[in-house]
Amino acid sequence: MIVAIIVVAVKLLILFAVLMLFVAYGTLAERKVSGHIQDRLGPYHCGPHGLLQPLADGLKLFFKEDIVAAESDKILYYLAPMIAIVPAILAIGVIPFGESITLFGRKIDLVVTDINVALLYLLAVSSFSVYAIVFGGWSSNSKYPLLGGLRSAAQFISYELILGLSIMGVIMVVGSFSLVDIVHYQKSMWMVVYQPLAFIIYMIAATAELNRLPFDLPEAESELVGGYHTEYSSMKFAMFFLGEYANMTVTSAVAVCLFLGGWYSPVSFLSWIPGPIWFVVKLVAVFFFLLWLRWTYPRFRYDQLMVFSWKYLLPLALVNILATGGVMILFGGI
Amino acid sequence: MGVGLFQYTVLSVLVFLLGALGLMIRRNAIIMFLCMELMLNGVNILFMALARSKGSVEGQVIVLFVMAVAAAEAAIGMAIITSFYRSRGGIGVDRADLMKW
Amino acid sequence: MMINAWDVVFFFLAGLILLSALGVVFIRHPVYSALSLLANLCVTAILYLSLMGAPFIAMVQIIVYAGAIMVFFLFVIMLMNLSKGEYQERAVPWRLLLGLGAAALFAFQIFILAGEWRGVLSPGAGGFGVKALSHFIFTRYILAFELVSVLIFVAALGAVALAKKKL
Amino acid sequence: MMVLILAVVLIPLLGATINGLFCWFTKRKAHIIAVPAIAIPAIVSLILLARVLQGERFDQVLYWWIPLGDFRVPIGFLLDELSAIMITTVTFVATWIHVYSIGYMDHETPRGYAKYFCYLNLFVFFMLTLCLANNFLLMFVGWEGVGLCSYLLIGYWYEKASAANAGMKAFVVNRIGDFGFMIGLFLIYKHLGTLLFSQAFASAEQLSVGVATLITLLLFTGATGKSAQIPLYVWLPDAMEGPTPVSSLIHAATMVTAGVYMVARTHALFNMAPLSMEVVASIGAATALMAATMALVNNDLKRILAYSTVSQLGYMFVGVGVGVYAAGIFHLFTHAFFKGLMFLTAGSVMHALHGELNLQKMGGLIKKMPITGWTFVVGALAIAGIPPLAGFWSKDEILAGAFMGGHRIIWAVGTFTAFLTAFYMFRLIFLTFFGEPREKHLYDHAHESPPVMTIPLIVLAVGSAVVGLLALAPHGGIVGFLNRTLGEAHEAAGHEGGLTYILMVISVAMGVAGVVLAYFMYMKRMPDPVAMARNFRPVYTLLYNKYYVDEIYFAFIVNPVVGGSRYALWKFVDVIIIDGAVNGVGRLCRLVGGGLRYIQTGFIPDYAWMILVGAVVIYWIGRLF
């Protein structure tokens, strides 16, 4: 009992640390990638190739003056940044990052907990991420954040639906909500081969959930100054920032688990490389894809965003489910 | 004596009645709506408890249906409140007095 | 008298549920009221998950209520962005008393009816799987299921028709 | 057999349904549906008749229509000798009248044309239901149904006030009779506990004579309404406002004979009540004589025929009243042919003369319309009782039956009526078809009708000539055939040779005398009819005004009822009591509502607690009561 608790605690600690590492270097990666895409170098002076830049940023934000908007709704104003990082931290608990290993005679699963509704759990906790934005936008009592919050609420409802529908195809194929089962299913072949349409829809919806370009309407700098976090500064702003990159990491991890074979190697002769390393490699690739996307596409207009969701993605997702079901009935499962 | 169906019933009825009370004493239409959701939730608790105690999954099925109906009701209700707000300039239900004799 | 650990969990969660329900009813501000309801629903979901062995319902409860319905409520609240004056409701003590009286009468009634319900609930996980649930939905309750889909469709149309300024 | 019977009954209904629902589509082509819808049942009923001749019978309840505990209303059919003859007659005559209608109704609007055929088919359906029913209630359904169709068809030209009024008059007068009929049905159910003919007749002996008399008199009241007997005959002459084929089919050949059929059908009950039999025979004889005298002086072609019909129906009732039911039905059968024929020829004349009906304006038409004229002569000879035409045989049977049964007065009246019948029929013929044309332009425009009208005339004329010979068929002829069902009331009377022939000679002599007298009066003017009318002015006036019966009815029944309704019922009962009650209820509602409206605050929270409290209250109401 005690040992089990210690094992879980250790796993959580490691995961949290890795997550924070990803968050920290995610910010750096963003700046470096954007720099290189824009044919410049990005941060360069703190450490070699700017590797210590996240530390410097953190220090700066930590010591910055904390400005609180006078007419704001204090409770929600403080609560919003805290909510921002919660979903990501809740989500890491169910993400498997490797096969079980044997350590000191104990078989240890490389996942904190393997619940049989893991995927639903992911969807459930991810629904909280919107509250940070909505509350932040509303409690600031300022027109730009309010507009950001409103946009976020509508956008979130629309794309949450599509996110849920897109992974239904995967669930139908595998027949389980458990992420471990889903990854096991992909030992020989990645899910993206069976469910290409679902993968595309999932990536689009996930990008929208993350409020990243081309779906960054809640914070659209050129329209709403800073959107929902316009009135935030210092550590509260840092928490929003942290939350965004943590969510990116988790989303990428889920994408890897669902579609890209999890910790399995893509080719058999490379299977001597440990699973967690493959997992991280794939995670980084998806993460990079998200960065790349950001600096490639322009922002949607608000009506386009809604039309895209309800008129194109929703029918496509339904078609995907229908086609999956049809194929499963015709061929008795894939 | 452990926690049995009776305790769940008490919980459910209390939640339900708190919702009903809210419906009776509040006059902000949105909050009244929230109270309605609260009442539905109270009913759901009872359904779940009955399903658990009878060993039947059907109570859970009903709960799913209740959720679906709640979603539909929220959509319609919010639309009504929006248009009410637009036409009457507020959401106090005492503004809805056209049907008074 | 031995105190069961599960009973403690139940009373703790029930207390939270009732507290947040009180919050929904008595908090003046709609946003906080909504937040209180959100808490209520989430704690209920935890109750389902921990004591009633219904993880699926728990998750769906959070996805549907927290992910959709409450966001929707908040969206409307913010859209109206009511001025402070709108929140101020005149307290009407006699109406409060009337409501309390009616509620008490009803509660009394229910407890008369439910007095003999002494069924035992075995707490903890290990309930029904999603398969059992879906089996019922798609066999015995298939008509209700289809009707619910129609209902939701009609509700969507109705919402559009109501909220649109002019069609 | 059941399939065939159902086919006979339901095919006309199908035809009526098609023409009724799709009149916008069938329009002028309605007869394509309607004629086969009658012709097929006609053929089928011939098959059925053939099978009945071989001794088959059908009596079966198809299903229980209204099962109410002990009281169950059956739908079932009875096919025996009587109903076989009836349905054969009805469908055969109806078929040719349908054919005739194609030509006669061709000036109507398309919708009206389809409507006409719809009603006609519907009528046949109800008539067949009436004839084939195996219980009193289904018979009553048919009875009322034919009444409805009669009303609809009399009022076919409802734009015309006189037609609409005539329809209404027929309806109201029939209601009086039907009321009696219904009470009779109630009494039958009360005393016999069944509505089925078979059970009711089997247990008829249980009835006391008094009850049987009451029941049969009430039934006969219905028959007087439907079959236009004293005192309810007044509607039939007015019914001539309808299209002539309708007069022919409904008001001569089929519907009006329903009363005779009903009396024959319930003969088991009538046999129990000698007094009722006397009443039937007396009323029949009185009606026969009275109607014949009214026909003597009338100048309206169709009304003469209508009075003639009333008179002949009187004969039929004499037949069934003196106990020779088969003879009555036989006369019904032959009458259907020759009276149907005569109405059709009258229609043909009207068709030729653009609706002119006054005898005094006609004359010499036989040169213009030979087929119409000579077929009419055949019909007239048949009704006058000249052998070997149909009327002779059946009338002779009735008169012989009356004489043998000891009803000498009735026999004398019937014989005298036979003389009158011959006289007024040939008066009509001589005035219409022979002599000099009295209205030049009418005569000039007259023309023979198209074949679609004349062929039915010829067919029915042949029928009128020969169907009487069925009396000579083996095994007692048609009378013997019918007696298999109806039984012979006066078994002992028999048909002794000598007396029968004497009676026969007397009745033929009366017929010939009537013809000869008519010839001298209206062709030779030997006793000039105008002078005679002047000499016997009071009698003439009385006859010409139809004994003032309509006026008497108005003075003693209609006006008191109308006055009583207006002053007692309307001004007092309706205005003060009923309206007062209604307004009082309204005021009470307003008062209560005025009190209750304070609950409707329009404030939703109030409704919420009302629902909660209401739920509790309803629970306790349910618990306590």
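A, B, C and D are the chain letters, set down in written order, and residue numbers restart from 1 in every chain.
Basically, contacts are C-beta pairs under 8 Å (C-beta built on N, C-alpha and C of every residue); 3 or more make two chains touch, one makes a residue touch a chain.
Predicted, not measured: the structure shown is a model, and the values here were computed from it.
> Please list the single chain whose C-alpha centre lies closest to the global protein C-alpha centre.
B
> Name the chain pair with more contacting C-beta pairs, choosing from B-C and A-C.
B-C
> So how far apart, in whole Å, are chain B and chain C when each is placed at the average of its C-alpha atoms?
6
> Hey, how far is the Cα centre of chain A from the one of chain D, in Å?
Centres of chain A and chain D (C-alpha means) sit 93 Å apart.
> Just give me the whole-number Å value for how far the CA centre of chain A lies from that of chain C.
Centre separation, chain A to chain C: 29 Å.
> Measuring centre to centre with CA averages, how many angstrom lie between chain B and chain D?
Once rounded, the distance between the two centres reads 71 Å.
> Note the residues in chain B that touch 2 or more other chains, in rising order.
20, 24-27
> Going by the contact rule already set, what residues in chain D reach two or more other chains?
605, 608-609, 612 - these are the residues of chain D that touch more than one other chain.
> Could you check chain A for residues that touch two or more other chains and list them?
none
> Testing understanding: with touching defined as stated, what is the shape of the graph linking the protein chains, line, ring, star, complete or other?
Basically it's none of the tidy shapes, so other.
> Which residues of chain C touch chain D once you look at their complex with the stated criterion?
Listed in rising order, the residues are 95, 98-99, 101-103, 105-106, 109.
> Quick check: in the complex, which residue numbers of chain C touch chain A?
31-32, 35, 38, 55-56, 59-60, 62-63, 66-68, 71-72, 74-75, 78-79, 81, 129-130
> Mind pulling up the chain D residues that touch chain C in the complex?
Residues 605, 608-609, 612-613, 615-616, 619.
> Taking the touch rule as given, give the residues of chain B at its contact with chain D in the complex, in rising order.
Within the complex, chain B contacts chain D at residues 20, 23-27, 32, 93-94, 96-101.
> Mind listing the chain A positions that touch chain C in their complex?
Residues 73, 75-76, 115-117, 120-121, 123-124, 127-128, 130-131, 134, 137-138, 146, 149-150, 153-154, 156-157, 160-161, 164, 177.
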